[in-house]
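Labels run A, B, C and D following the written order; every chain starts at residue 1.
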Amino acid sequence: MADILDEIKSMDLKASWLGDWEFEVLTPRDRLASILSYLKSKGFKAFMGLSCVDWIEEGNFELVYILQSYDLALEAIVKTKIPRQRPVIESMGTIWKLCEVYEREMHEFFGIEFTGNPNLKPFFLENWLDIPPLRKDFDTLAFSEELFEFKEDETHGIESPKRIE
Amino acid sequence: MGSQDIEKKNGFAPIVGLKYLFKKPHTVRYPKEDLEVFPISGNSPNYRGFHTNDLEKCIGCGNCARICPTDAVTMVESGDVKVANKFAKIVRPVFDYGRCCFCAQCVDVCPTGSLQMSRDYIHSFHPDLSVPVADEPEIVSKDFIWRADKKRSENPGYVRNESNKFDKVINFERIEPKKTDPDKRKISFSKYVQIYSKAEASKEASRCLGCGVCVEACPNELHIPEYINAISKQNPEESLEWIYKRNPLPLICGEVCTHQCEEACVVGIQGEPLAIRWLKTFSASNVDDYLKTSKITLPKFNGKKLAAIGGGPASLAFGYYARLLGYDVTIYEAEEKLGGALMWGIPVYRLPKDEMMKDINAILSTGINVRLKTKVGKDVKFEDLMNSCDAVFVGVGNSKPMTLKIKGEELEGVMQGLTFMHMVNDGSLKDLKGKKIVVVGGGNVAMDVARSSVRLGADVTIVYRRRIEDMPADPEEIEDAREEGVKIVEMGVPAEIKGEKSAQAFEYAVASLVKDPSGGRPKPVVDEKSPHVTLSVDYVIAAIGQTPSIDFIPTDIQQKIGFDGRFVPVDEYGRTKFKGLFCGGDASNSRQDIISAIGSGMRATKGVELYLAKEERNV
Amino acid sequence: MELNPLKESNDYKYYELFIGPNHPGIEGNFSYVLKMKGHSVEEVTPDPGLLHRGFEKLMERRLWTQNLALIPRICVPEPDINEVAYCLGVEHMMGIEVPKRAQYIRVIVLELARMASFLFGMSGLGGTTGHYTSVQWLIGDRDYILDLFEWLTGARVYHIYQYPGGVKNDLPDGWLDKLSDFLDYLEKRLPEYDKFIFQNPIIQKRTVGLGYIPAEDAIENGLTGPNLRASGVMYDIRKAQPYLVYNEVDFEIPKTGDGDAFSRVLQRRLELSESIKILRQCIKQIPQGPHRTKVPNPFQFRVPKGSYYSKVESSRGEFGYYIVSDGDVKPYRVYVRGPSYSIGLYYATKALVGMRIEDVPVWIHTTDMCPPDFDR
Amino acid sequence: MSEWTEIVDYFRGRSMWMLHYCTGCGAIELPPTMTSRWDMERFGITPMATPRQADILLITGYLAIKTLKRVIYTYEQMQAPKWVLGFGSCTINGGIYWDSYNVIERLDKYIPVDIYIAGCMPRPEAILDAFVKLKEMVQMGEAKGYEKYVKNYDWYKANQDKVLKRTSPVLKEIEKVTKIG
């Protein structure tokens, strides 16, 4: 089991265990496709999910590919970062066709462009005109207050102590 | 069983269904009958229905409102409730059942346990047909909002029980700072309470619920939840920044504050309160340069001159905050060192002088003038100060001790507590080996005197008029004093000090306690039948309180400001009735502790600013 | 999403229709747009988002423990699985050791939830095949499980019973007896279920041989759980990567192995028997002790910096939570991997092609998909 | 005429068909209510698959914007007299999704609601209780939300359009700051 991690490390990539059954691999974006196909050939045949983390302060989106190997009973979590300013990355639909659905979701929720994905149409949201909602700079409460016309009192009526400043 | 061995049904199978004719019906015929599966009829005994709240037990801390994931709880002022204690607020939670998700997190976090859930859950509403549509949403939503009260408490549902009280569920034990053994510490004047390590501090800070009830208990309303939160994040710098906003003597305060905040702390309802004071010490001692850490930028002098009389915490705080506003402040101190009561009244095992100087030096480095050994009224005339400065702040402490008013008080060996402490602190009293000392009083000064005497080798007895639990001194102090071998005599009313030239025996009467009908502390009463006890002594030290001395102020001004011998009346900004004269410190507040003094100095700064702004407008 | 009108250009050969959201044949509030030719499906377009609530965004705005009120709502039929998956992730990141008793209670809750979910899912199949007795029976029996839950947790559906470090309350007195009474009852009922569901010619005709999924397809398309096992891949997280105390109880992964709709249902039915087995062992083995370990209070609940993907075998497949923390009192990001995602949004577009329209609801129900878990 | 209406209302209340549409999570308590355990057919209420034959529309909890559109279609397809039941916290004041960008806050801004039930989610008993109440209201002629809808159609429509027919971003200021690169 540990061999796979050593092999990945020998490919000059950062990899470490996250738990008993899963490890993470950090890869630059240009090696993403090769590492994913390598892992697929090593038994990580099932594509479990694609997630994205918006690291707004460092200005990156982190794409997280979760793969599963049924033979090794292991999960591989492959992470790559792309700049927030120009969020473009190749579609992994060539490796798993299924991935295109997840990419469509990430496109909708984070505004990431996946080159090579033919179907990046709106998916969950209808008539969405604002910035993608899962980005950190999207304020869901402000949006909700504006669209559904209410005003939330976030102090819960707890008065701040009366101080003479 | 695999899909291949599914057998075919036989033709009589439908007849089997007939047997269900004779079974008890499966249907619960609600509303005619109720569920009968739980120990009680109806829904489950711990059902999470509408809330009930014991309004009198509730202290209005607002934790329920802050934990609510749906923002359903609002604290609303409820004038009709009786409050449980002096720290309780009069706000009570109001629930919006158009939001509530019945998760019971509010019940789990309620420190008093007053908030519970009932088994009631049915409420429906239909808007009246005559209501205009535009008003309808508001009307509907209002109908689902109500204040939780005791109405439903006969039908309790989800209640926090023994097994999930705070102390079983969350990290709850107070982390006591390490202390030196009593045997070791009683022979040395070095500090015996160790400052928290980073891990300890963070762990202790993480007990904080962040409700801020403590803030209102604090005479100077420090940003307590904020700075504790910063410590919990292991960030003492941020923490100090918060503290320094309202307290320029953080380390001193951390060591010797009377910490009323800890009495108010809601964590203390179910366990021991947070060690707020020690946490402050931690962050202050982990920061070297206060001013830099709190990102203070000093403004240019604005040309106005202020004078502060007295070198204690009130004047220091006044000086610091006035300097931040650009005033040129001069502090006049009669003694040779700054610090006032901190310097002379507090023993070094509680407050090492280097720690104290760290705080004071930080303040002085902002550019405040200090004139030591300058007694106002003797070296400088008060009237001159009033004339030469734009405003004068009186921050003097209580220096006139109260006397025992018993026979033999004039004998040698009978001393005042503050005088005694001054002698200990300036080094003129070095050894009391084998001497027998009686300390009269139950305040912190009495403790300081007693414990300092122990350290000088004396055999000490404290005589107090009431019981130990009535003593105004901090419980920790009393506990520590007893550990160090101080004997405490309860209910002893001093009767006489006997001796020829110097005190040789101390006689006290054993009083009986009579309950105070108005609810205050019980009163000690001595009559003819009370037994008298005599102790042989070398010294008798009275530490029963002091009154301020403002003799340097001319009598006509004293009268004008309404000084009654004990107290200078001031408004919330420290203004006296005499124009341009401000007062703070022990002379003008009844609590007479360091944090009140700091607060009074800070508020007086604001008062000065208001006063001078007004002056300018008038010109 | 709008439908395309009939076109003269292709001879009115193709037409489009919605299946769902307002349709008894679909599970939950979700819809497919089917492009039909005659009675066979030519093209399938999923149209999710009808239940989208933005959980992942909402969780970033709330404290770690406040999220526990939100999480069960991600998937309605089996809320406990979400709670446990989230708690496991948080506990792993904080390094909290959960007491043995709490772990056993969690297993009991998970298995009960699995059973409830199976009964619920099966009743849906009854509805789509016109077999309404099964709806009445199975939903009725599921209610007994909800009774058990209600007594244990104080609510019928959204239990909010898990907490990082254990479970909120200990088992009430007499609860375990009641549980074993229920298991006795269910075991008596199971042969009847077999008779009237699995031996029922209608259900057999409608499901046997329908929607065959080969093993390679199932892996390639990210199917998990009973759907994957019904195709012959014997992978169960409870066995392969045992969490909680699944390595202390003895159970088997039943093998059906055809990969058709019938075997998917049968797989669930047989796993229900295994659940009963697990529960019986838990009742016997559950140790005394605390049900909860101490954690920081909710306002100071900080999870160390890092990320973790925690997963739990639900009755639909792998429920995964990818949790990212930046060390603050709120999660930085929580990604929820719903088990129905791949099958509902992707695989259905392939599998339904060529199927007759009346088989579509049956296929959907045999995969037991749950729209809220991919809509989130 | 009025007597006739009273008689009609009486019988209407005895047989109400409920549209089988699960808009939100509250729908999970409907199967137990419909089937053997709680058996709402005792009150003459039974599920119905098509909107045109249904009398009651249940809004079982939150409404995503996308669903709101379908609900309005459905509601308008239903024939009067028709009644709407608001289920649980979400329909009253947003419930647990009060700050969600995709879930509406107050249901009665968009369609008229005849009766609201507290709870998240309401138990079958609470649902039955509301049904009984609704039945009484119908028999008394008090449940006339559908008339309200017709009378105030413009108001409802304007509210609906505000949510459904957006033409510009809702949060304008933020959009300027973070334009996608």
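In this text, a residue touches a chain if its C-beta (ideal position, glycine included) is under 8 Å from a C-beta of that chain, and two chains touch if they have at least 3 such contacts.
It should be emphasised that the depicted structure is a prediction, and the values quoted were computed from it without experimental measurement.
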item: Between A-D and A-B, the pair joined by more C-beta contacts; value: A-D
item: Gap in Å, rounded to a whole number, between the CA centres of chain B and chain A; value: 47
item: Chain centre separation (chain A, chain D; CA means) in Å; value: 36
item: Rounded Å distance between chain B and chain D, as computed from the means of their C-alpha atoms; value: 52
item: Interchain centroid distance [CA atoms averaged], chain C/chain D, Å; value: 27
item: Shared interface positions of chain A, touching two or more other chains; value: 124-126, 133, 138, 140-141, 152
item: Per-residue overlap in chain C, given as positions that touch at least 2 other chains; value: 49, 52, 54, 57-58, 61, 69-70, 140, 158, 375
item: Contacts with 2+ other chains: residues of chain D; value: 36-37, 66, 94, 96, 98-102, 106, 109, 120, 123
item: Graph class of chain-chain contacts, one of line, ring, star, complete, other; value: complete
item: Residues of chain A touching chain B in the complex; value: 152-154, 156-159, 161-165
item: Chain D - residues contacting chain A, complex; value: 65-66, 69, 94, 98-102, 104-106, 109, 162-171, 174-175, 177-178, 180-181
item: Footprint of chain D on chain C - complex, ascending; value: 21-24, 28-29, 49-54, 57-58, 61, 69-70, 73, 76-77, 120, 123, 135-137, 139-140, 142-143, 146, 156-158, 372, 375
item: In the complex with chain B, residue positions of chain C that touch it; value: 62-63, 65-70, 140, 147, 150-151, 153-155, 158, 160, 168-170, 172, 174, 194-195, 198-201, 204, 208, 255-258, 262-263, 266, 270, 290-292, 294-300, 302, 327
item: Partner chain D, residues of chain B touching it in the complex; value: 26-31, 43, 50, 69-72, 96-102, 121-127, 129, 133-134, 136-137, 140-141, 144
